Structures are given as structure tokens and as C-alpha cells.
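Across the two complexes that follow, chain A remains constant while its partner is chain B and subsequently chain C.
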Partner chain A sequence: MAETKAKRFSFLEFKGTAENYLFIFPAVAIFAVFYIYPFYEILNLSFHEWDGIGLTRTFIGLGNFKEIMQDKVWWTSMWHAGYITLIALIFQNALAFGLALSCDRDIRARKFYRVVFYLPPVLSEVVVGLIWQWILHSGIQSGEPIGLLNFFLTKAHLNHLVHNWLSDPKTALTCIALVHSWKGFGWGFIIMLAGLQTIDRQLYEAARVDGAGPFRTLKDITIPMMVPVFLMVMILTILGSMQVFVLVLSMVGQGLVYHTEVPVTRILLSMTGLSRFGYACAQGIVFGFILIVSSFTLNKISKRFKQDEAR
Partner chain B sequence: MLNRFKAKSVIQSIFLHTLLMAVAITCLFPLIWMFRSALMTNETVFVDKALIPASIHFENFYLAWTKGGFGMYFINSVIYTVSVVFGIVMVASLAAYAFSRLDFPGKNFFFYMFLAAMMIPLPGSFVPLYVLMNKLHLANTRIGYILCMINVGLSLSIYILKTFFDKMSPALEDAARMDGCSKLGIWRHVALPLARPAIAVIVIFNTLNVWNEYILATLLLNDKNLMPLQRGLMVFQGSHSTDYPLLMAGLSITALPVILVYLFMQKHIIKGLSAGAIAG
Partner chain C sequence: MKLKIFLFCLCCFFLFGCMQNTNSNTITVWHWMTDRQDTFEKLANQYQQLTGIEVKFELYAPSDAYSQKIIAAAQARVLPDIYGILKEKEKFAVFVKSGFVADLTEEFQKNEGIWEKSLFAKALNVNRFEEGNIYSVKPGIYGVPIDVMNIQMLYNEKLLKKAGIGRPPRTFDEFIEDIHALRRIGVDGLISGWGELWLLDCFASNYAFNIMGEEKIMATYRGEVPYTDNDWVEVFRIFERLRDSDALFKGIVTKNNKYAEQDFALERAAFAFNGSWCVNVYNGMNPDLEYGAMLPPKVNPNLPMRIWGAAGSSFMVNNSSKKKDKAIDFLKWLTSERQQVFLSAETKNLPSNRHALSSIPEILSQFASAMDDITHPSTWKYNEDPLVTETFGKEIQSISIGERSPEQAAEEVQRIKIRQLERAKNRR
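Entry: the complex of A and B
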């Protein structure tokens, strides 16, 4: 009697647990098929040479990785992404912080600015890229410059500044980096503003009573309090800017333009252009590894800062 | 003394507003230029550079919608966005509810699995995904693209919902259980309605994400009838003599819904972003 009761109880328990698994089943199933399997496949393919169609995949061990080490165009593309990231880190984040500081006080139209600054980040990279590639266009039609920038430069009699912005290797990457920063600063602005608003107003009050000027306050209160937010914004800026590529495709297109190649456009080219799926996967792994290491390092630094603060 | 202080603060505020306004104008100008140019013709667009064109033409929108195929692209984008967002809300809220409220072996393992996927960047994951979709005969189908996109938004949505459920008081759910409500019933009738603020955040972020997605749509969908807006727009990139008013009309059709959703929902968006930032 007691035994059957125990059995029935454990059966109920089993049924309950099974029921609980049903809740996560759809999520786990989708995740397994569309994330875990591709994850395994990208590792697996990176050791093979495969054209994406044929039935045979040739195992070549570390061949793809060795080739990547000597692939000059690949490392140049990495440097290009690094350049875009550097401009985003400095220009985009400085602008975001400056604007956040300006809005972290009682000024008129604060809401308006907040809404407008976050407008570029909600647009797609395709839309942003196509609008800007027209503004920066260097062609001439009906005797007038097609691009708005060159048009204004001509009208302002600054003809010596008229330029092939997107086709000149010297300016193309900078233009892309600036448009990328234009699209991204509003995001940094919102996060930094939220960070600034968590700082206790009494600290500022106390500093003012002690006779500290605005620059002292900024240097000794605001900036030290914002370090964790800065580091988080930096990590996300690096991850986002290194992987930029749709903006590149929509501003200058793909192929023949080596001076604007970034790692993801290289991966795309290895896959769709050269039909070297194994090589594309190996490139993805090398790139992913670099991203993980850099964000992990910054995370470590940010943890150390937090510990120092607690001490 | 007081006057000098006042004058200083007036000058300061003029300076600040000039700076903020200048940046605001650079944000708005390209968009205004896009809408304005969409209302011109191929003949006037290179000549008339006034902010408000001399003659206004709405034909471009009609042409883009019909001949340009943007009507079809638009409907496709709506289909993908609605189904992906609905799928994510269902799948993620079920899982998040289990991770927060129910108990089963391996719970933490599964939750950290989703968390890890959120943290590990996997550039080039579109390569094996493309291979997989071909293997499953899901390439060039709506359902294939929808499933891929559900997976893209899944981890973050589960995380946001789980944190929300963790903070939510279980009192109402306990009451429902007392009344003999099943677990699924509690999820459907008690937990989901209470989680409305978190679901709003998920809906908005995923809507923007799916509407703006480009690379998977390009790789997985070859059939013109299945393409969403972002893919349709890229036809213009690199073509030699671009019909700019038509392109700008296409861009406006693509951007306008996003801008409207953003303007109506900006409170949720900014709240979600700031909350996420401080939690992170």
C-alpha cells in the first residue's frame, strides 16, 4: 500500500518534470538546430576544403588557418575594421558623452533631442548607407554634381575641396567610419545619459558648496563614476564596429574595392564569390576568436575598476 | 553680481542649444532630404536643390510600389516581422517562465546555454546556416527565414523576460494554482498578461531587428517574390544610372514604418535601452 503510494507520487513528479521540460522544448529545439548545429558545422568545415555544392569535403587539417595567417588582404581588412572601430571609439563616443552631459540638466527641449538623436540608430544600415552614398556621390549629371556634398562645395566656391569621397581609397574608409559613427552615437548617448542620471545629485551639490568649478566636478566626480558605463559602451562599440559590413556593402558595394574590405565582407566573398566554404568558416572562427579575446580583456579591466571602487 | 551670474548661464545655455541643435539637424537632414527627393522627378532632382521643391510629384511612390516591386517587398517584410515577433514572444516567454518559476534538472545548464550564445560573437555564422538551410530544403522558403530569425532574437528575449519574471510577485500565480489552474493556464492567463511591459520591449526590439535585417534575407531568399524591403533596396546599389527619386521613394517606404513605430514607442525603447545598460 505504502509502496504504491510512493510510486504514484514519483510518477506524478515525473509527469510534472516532463511537463516543465515542455515549456523550454520549443526554445531548445530551435536553438539546437539553428545555433548549436551551425556552431558545430562552422568548426567542422573550417578544417575542410569544400565548394559548397560537391558531395566530397576534403579534410585539410589546419590548412585554412595557415593560409589565413599569410592572407594579406584578410589582415588588411582587419586593419580597416580596426580603423573604423578607432574612429567610432573616439569620435562617436566623445560626441555621445558630450551630448549626454549637455542633456543631463534642466534644459529646454531635452526630450526632443533625445528622440532625434536616437533616430539614426533605429534605421537599417541599408537605408543609412544608400542615403549617404547619394550625398557623398562624386558623379556629375546635367552639369551638376550628383552628390549633395560636392554640390554645396561647388556652390560655396570651394572647388578645390570637391572630391571622389567614396571612390578615392584615401577618403572612402573615413567616410564609412563617419557615417557609421553618425548612425551609432545616439545609442551611446542614451546609455551614457542613463548612466549620468544614476549619479547622486547630492554629490554635485556638495562639490559646488566646496567651491569646485564645473571642470573639477567633471574630472573628480562625473568621469570616475562613469568608468563602468564607458567600458561597457567601449566593449559594445568594438563588437559592433569590427563586424560592420552592411554599411560597407550599401555605400560602396562589394568586389573590386579592396580599400574598403572589412572581415565580414571577406568572409562573404570567400563563401559566395570564391565558393570556398571551409576557408570562409575558418575566417569566421579566427575573427570570432579575436573579438572574444578583446572583449574579454576589456571586461577584465572593467571588473578591476569595479573592485578598486569597492575598496 | 546676480545679473552677471544670470548672463553667464544664458550664454552657456545658448552655446549648449547651438551645439545640440547642430547635431539634431545633422540627424534629421538626411531623412528630410530623402522624403523631399522622393517627391521630385528625375529631371528636377539634379537641378532644383531647394529644401521644398517647386513642384511636388507623388508618382514615385506609386511607381516604386508597383513597378519597383516595393509593394511586394513591403508585404513580405510585414509577413516576416509579424510571424517572427509572434514566434519569439511565444517561444521565449514559455522558456523564460520555466527558467524563472518551474524546477527541473539541468535548468541552469539550459539557461546559461542561451546566455552564452548572447555573449559569444559568431561572425560568419551565416555560412553554416546557409549550408544547413539547403540541407533541410528550407532555403528560399518563408518558413526557413522565419525560423532563423526567431533564433536570432531568442536568447536576448528569454533573458529580458526571465529577469522580469524573477522580479514579479508570484502571489497571483499561487492563487491561480489554488484554484486548480494548470501550469500552461497560469502561463497563458496570469504570467503573460502581467509581463506586458517586458513583452512590449521584446516586441519593439525584435520588430526593428527583423524589419532591418539584411544578410540572411540576401543569402536565404533568391526568389524575388519572397524578398523583404532591405533586399529589394540593394538592387539600386551599384546600378549605373540610378533613378534617385525612385530610390528615395523606396527608402521612404522602408524607413517610414520604422520611424513611426519608434516615435510612438520611443518611451519603451529608451526605457528598455537604459534599463538594459544599467543592469549590464
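Entry: the complex of A and C
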């Protein structure tokens, strides 16, 4: 009897529920219009052949995805993005951690260094690319190198190191990866510095009392305590580095053969160069899927670390 | 109650504020030409004083961003009254077939074709679709060229003199000899923005015309002649010779044209491969630069050298614009002799009106003198598949950096060509 009563329509209850929905409606509407609908449209387009302008789209099922599986250049570009990411994971994060450690100490110009180290991420990627293109320029005028790096190498009597940096397949991608790392270490530095500052100082004091040196403290306190932060920075580095493309465009134009192709430049080419919007959307879906899988994997690892720590 | 009225008024304001501006005395033009904005505005002022019609030139640069904006505007059906399409003929055809571009044939032919006759035919051909064209577009003229251009080789007079070279080379062998002479005095040979594949494709296409002629090129595009044919290998060999004779400026394959222009203007290389728009660019970078224009030196003396050239920029009229007639009248005025002389003098581009040629500077005259030798992909009966064109450019890059031989490059391009032909067949 009581159950039947509870199920009866209650205006007050309805009003309360409606009010709740009303409050979340703007957020849901924005999310639906700007996230769900575009995603649905991209997914839908990936099953079609469309030139981007015409009124007709041809449904081709999984045709675009099958083609991606056989597209050698696409997978090469994926490999290149992986290489840039690997360099960023090692070089960029090592640099960020090293600098964060230095700034975590009680040094005089700590605030100044924090600002200086955070400058590269603030700069526009196009500007950074063009500046580095000028630094790595390989031209010669009146017997003297024009590029800053080659000029200094000549002045330092290291002529054997003077190189065609951006037009040599052996160095072009590495140069781009290093410039990307240089540009990106700043935010890793900020996150790691914040992580370092959350470590209880008493732990260090206790270790010092027990006779631990700086290396032992770093190995047994700092690094274990920083593992969750490292993992978060790693996820962000992977997501950021895999999607690099502005630097590539501004440093090597449409690319050095296929040696500097990355996934986003291929997607751009499919869309604007080849007028294959459907194929470009399918590439975007595959690329997004790979990024999501890698993020989830790292997230899982991160959780396992946290559980181990808790034990 | 007051609050409700206020909210109602606010909604009305937003709704009416978002409605399209239908001022019938304003024509909107979208373009990408940063160097011409001031001149366009001056011309718009003159036109307003003359007719009372306001012309708003809205600049969207760079050209890549502009192209994307045009495509997005077409998708959303919000194209302006006048706009330009920067893409290849295939894309232009899609715009026409989708009803976004007005057919101007009748306008051009009015009064015994006076408007058509005043413009360079080759420039107009870029916007023309012939009877039985492969894009299945209704034959007609769909755009108005506002200037013309061609892409040639340029030489630095001072550097050539310094190397003891009396006159610019006429054959490819002479060119290579000149390169050796220039290298002896420490001057780099050829600079161009080959980081932009279209420019590299253009250079290769010139030599393809010189080596095998138009018919064979078209047969290749149709899939009847393979890229592994000796003549095509010969085209690839040009780049091998340039590489082996150290003729190419260091880093040329990843250089954007803007930087290549800077290198030539600052006398870092003796030769450049660039379009007639460079006159304005070089003038801004180094007004004292002494240079001349020449056709790329021939490899085959028996066939003509064909260079790319056509309408530098064209304007199209939006077919669904309510101010279509006014837009056409404005374009007629813009391409008449007086306005074309003004535009050419201000922007140092070749005018599209043939009567305006009499008052252009010497260097532009040199460019203009080659107008009989021009050709352009937009005027060809067949065009290559974009993916094959990309592979073609990339393979030339790899020859230029010593990664591949001409034969290997030819094989790779042919492999992609076969794949694309099969794809097209399956699609049909």
C-alpha cells in the first residue's frame, strides 16, 4: 500500500527534478552542440566519400578504414609522431624535472627562473618554428654560413659539424623533436615543481638525520613520491607530442619527402590537398582511438602505482 | 512584468542583430591578397564616389586559411557577393556544379564581346569550362581575372657579371656551365620555394613540356603512358643533374617561397624560379636588386618551353547573391583599362586588361613578353590525381637530396598512379 502511494505523481517532486534538469541543461546543450554533434558528424563522414563542398556524399562503409590500414605513409607518419614523443618523454621531461629540482631549492632568483622557464610554451608555435628555422638555416653568403648554428660552429672551428640540418633526412625530424621539446618543457617544469612542493619536507629532514646524501634522497624519496606526477606529465606529453604539426609546417613547409610527415599533416593533406574529407575524418578517428588507448593504458599504470604505494 | 518585457526586447535585439545585412548598396568582396588591400580600398572609394555603391574588401590571409574559409562558407551557404577560389580546377568545378558561382558568359559576350576581348584570353581560360569538359560543368566563363602572372626563372645581373657570364643561359648545358662559374666565386646557383610542392611541380612540368610535349603529358594523366617512360625519367634526371652539379641552394627542398624570395633579394643565389608577383616582393626587400626574367633554359631544342601562367587572381560572383548585377558591374569597372593601369602600378602585377600593358615597368614587360609561352593546369583537358602529384613532388625532393635515382622515383610515382587508376575505376 505504501509502495503504491510513493509511486503516485507528485508535482513538488516533479518541480524539483525539473529544476535540477534546468540547471544542467545549458551545460548539456553546449556539450551536445559542440562535442557530441561534431563527433557524430565526423564519425558519420568517415564512412563516406565526400569532397568537402558538393551536396552529395557517397556511403562507402569501412572503405576509408581499410585504406588507412594499407596507407604506408600514414603509418610512417604515426611512427614519426612516436619518435617525436619518445624524444619529448626523455629529453623534455628530464629537462623539466632537472630544472624543477633546481628551482625547488632555496635559491635567490627562484621566481625569476620560474618565469624564464615558462616562457617557451607561451610563445606561438609558428614564431618558434620560424626562429628555429633561421637558427638552423643552412645557406651561405660570401663564404659565411647564414644560419646561426652553422655560423657559431664555423667560428668555433667546428666546420666538420656544419650541416644542412632541416634538409637532411638524418637530422630533420630530430631537429623538429628537439625544438618541440624545448618549446614544451616549460609546462612540465611547472607541474613537476608543484609536485615537488607537495612532498613533506619532514621526510627530507628525517632522511638527512639518518645520514642520506642528496642522491639517496632523490632516489628514495623524491622520485617515488613524484611517480603519479611523472605519469600525469607523461600522458600530457604523449597527447601533446603526438599531435605536433604547426612546428613541422613552419620549419619544413610541406615536408622533406616523407621524413617529416606526422599524422596531423597527413589529415590536413587529405582534407585540403586531396579534398577527401571522409578519409580525413577516418584518419582522425583512428588517430583519436590510438591516443585514447595510450592514455587509458598509462592511466591504468598510474592507478596501479598508486595502489602499490598505498600498500 | 518589466523584467519580461526587458527579456523580450533583449531576445528581439539578438535575433534581429544576427540577421544578414541586406544593405543593397554594399557589395562584399572576400580575398587573400595582403599586398593589395590598400589599393583595393582606394579603388573601392573611387567606385563609391562614382556610383554610390559601397564595396567592402574583406581580407582573410594567409591563402590556406582563406581557402578553408571559402569552403566553410560554401558549406554554410554564406558566401559573399564576390570571392576568389584558390583551389585547382577540380575544386572550382565542384563550386560551379553546386551552384555557388554565377555563369558570366552572357555578360562577357554582351556588346559584341567587348569585355571578353579586353582581357587576356589565356587568363580568361582559367575560368572557362569548354564543351565536353571532364568535370561535366556546363560550358561557360565563371570568373573574372583581375591580373595575370607567369612563373619564370630570374637571374641576378650583378652576380652573373661577377662570375664573367655575359648573358643569361639559353640551354640547360649552358646553365650548368654558368653554375660552375658561379660556384668558383662562391655564389649559390638556383633558389626557389620547393618546400611548397606546387612550385616544384611547376618547374618539373615546364621541363616535361619541353622534353615530351603536351600530348604525351595528357596521355600520362589519362593513364596511357607510364611515368617509367624514358621521357619522364629524363624529366626526373634534370633534378639529378642539378643536384650533381651543386646547382641547388642548400635547404631548397624545405624552403618556403617567402624565404626563397628573401634569399634571392639579398643576393644569396644567382638564379631563382618564381612568379611575376615577385617584382613587388623584391622591390620591398631590396629596391636596388638588379635582375632580369628568362624562360627556364631548354633541354630539348626541338620543342618549346612552356611555363605556367594565367590569371594571377580571379574573382567569382556568388550565384545566389541578391546583388549579382551590381557585383558584375563592379568587376567590369575593376578590369577596365584605367583601373587596371592603377592596380598594376600600385601592386606591380601584370594587368589582366591587354590595353593596360603599355604603361608597365621594364621587368614586368620581360614577364609579359613570355605570355605566348604560357600554359596552366587549369586550362588542360586532363589533370593529374592530387595524390600522384604529391608523390611526384616528394620523389623529386628525394632525388634532389640524393636519396633516390630518377628510375626509382619514376617507378614509385607509377606505382601510386596505378593504384589511383584502380581506385577511380572501382569508384565508377
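Convention: the second predicted complex is superposed on the first by the 271 of 311 C-alpha atoms of A that agree within 3 Å, B and C clash if a C-alpha of one lies under 4 Å from a C-alpha of the other, contacts with A are read in each partner's own complex, and residues count from 1 in each chain.
Operating definition for what follows: contacts are C-beta pairs under 8 Å (C-beta built on N, C-alpha and C of every residue); 3 or more make two chains touch, one makes a residue touch a chain.
None of these values were measured; they are calculated from a predicted model.
Engineer: Fit or clash for chain B plus chain C once both are placed on chain A?
Structural biologist: On the superposed model, which is not a single observed complex, chain B and chain C clash.
Engineer: For A:141, using the defined touch cut-off, is the partner it touches chain B, chain C, both, or neither? Pick first, second, both or neither.
Structural biologist: Both partners, chain B and chain C.
Engineer: Is A:172 contacted by the first partner chain B, the second partner chain C, both or neither?
Structural biologist: The answer is second: A:172 touches chain C but not chain B.
Engineer: With both structures superposed, pick whichever of chain B and chain C touches the larger number of chain A residues.
Structural biologist: Higher number of touched chain A residues: B.
Engineer: Identify the partner contact of A:253: answer first if only chain B is touched, second if only chain C is, both if each is, neither if none is.
Structural biologist: both
Engineer: Could you look at A:52 and tell me whether it touches chain B, chain C, both or neither (first, second, both, neither)?
Structural biologist: Touch partners of A:52: chain B and chain C.
Engineer: Once the shared chain is lined up, is A:198 touching chain B (first), chain C (second), both, or neither of them?
Structural biologist: In the superposed model, A:198 contacts chain B only, not chain C.
Engineer: Which partner chains sit in contact with A:274 here, chain B, chain C, both or neither? Use first/second/both/neither.
Structural biologist: The second partner, chain C, only.
Engineer: After the superposition on A, what does A:164 contact: first (chain B), second (chain C), both or neither?
Structural biologist: second
Engineer: Where does chain B run into chain C after the fit on chain A, at 24-32, 222-230 or 258-266?
Structural biologist: Of the stretches 24-32, 222-230 or 258-266 of chain B, only 222-230 runs into chain C after superposition.
Engineer: For chain A, give the residues common to its interface with chain B and its interface with chain C.
Structural biologist: Shared contact residues on chain A: 52, 133, 141-142, 146, 253, 272.
Engineer: List the residues on chain A that touch chain C in their complex, please.
Structural biologist: Chain A reaches chain C through residues 49, 51-55, 133, 137-143, 146, 164, 166-169, 172, 251-258, 260, 269, 272-275.
Engineer: Which stretch or stretches of chain C touch chain A in the complex?
Structural biologist: Its residues touching chain A are 64, 67-68, 71, 74-75, 87, 90-91, 94-95, 97-98, 100, 186, 188, 193, 195-197, 249-256, 259, 263, 266-268, 386-387, 390, 393-395, 397-398, 401, 403, 427.
Engineer: Show which residues of chain A lie in contact with chain B when the two form their complex.
Structural biologist: 17, 19-21, 23-24, 26-28, 30-31, 33-35, 37-39, 41-42, 45, 52, 95, 98-99, 102-103, 107-109, 112-120, 122-127, 129-135, 141-142, 144, 146, 148, 151, 182, 186-187, 190-191, 193-195, 198, 229, 232, 239, 243, 245-246, 249-250, 253, 263-264, 267-268, 271-272, 277, 280-281, 283-285, 287-288, 291-292, 295
Engineer: Under the definition above, what is the set of chain B residues touching chain A in their complex?
Structural biologist: So the residues of chain B touching chain A come out as 13, 16-17, 19-20, 23-24, 26-28, 30-31, 33-34, 46-47, 49, 90-92, 94-95, 97-99, 102-105, 110, 113-114, 117, 120-132, 147-148, 150-151, 154-155, 158, 183, 187, 208, 211-215, 219, 230, 233-234, 236-238, 242, 244, 247-248, 251, 254-255, 258-259, 262-263, 266, 269-270, 273-275, 277-278, 280.
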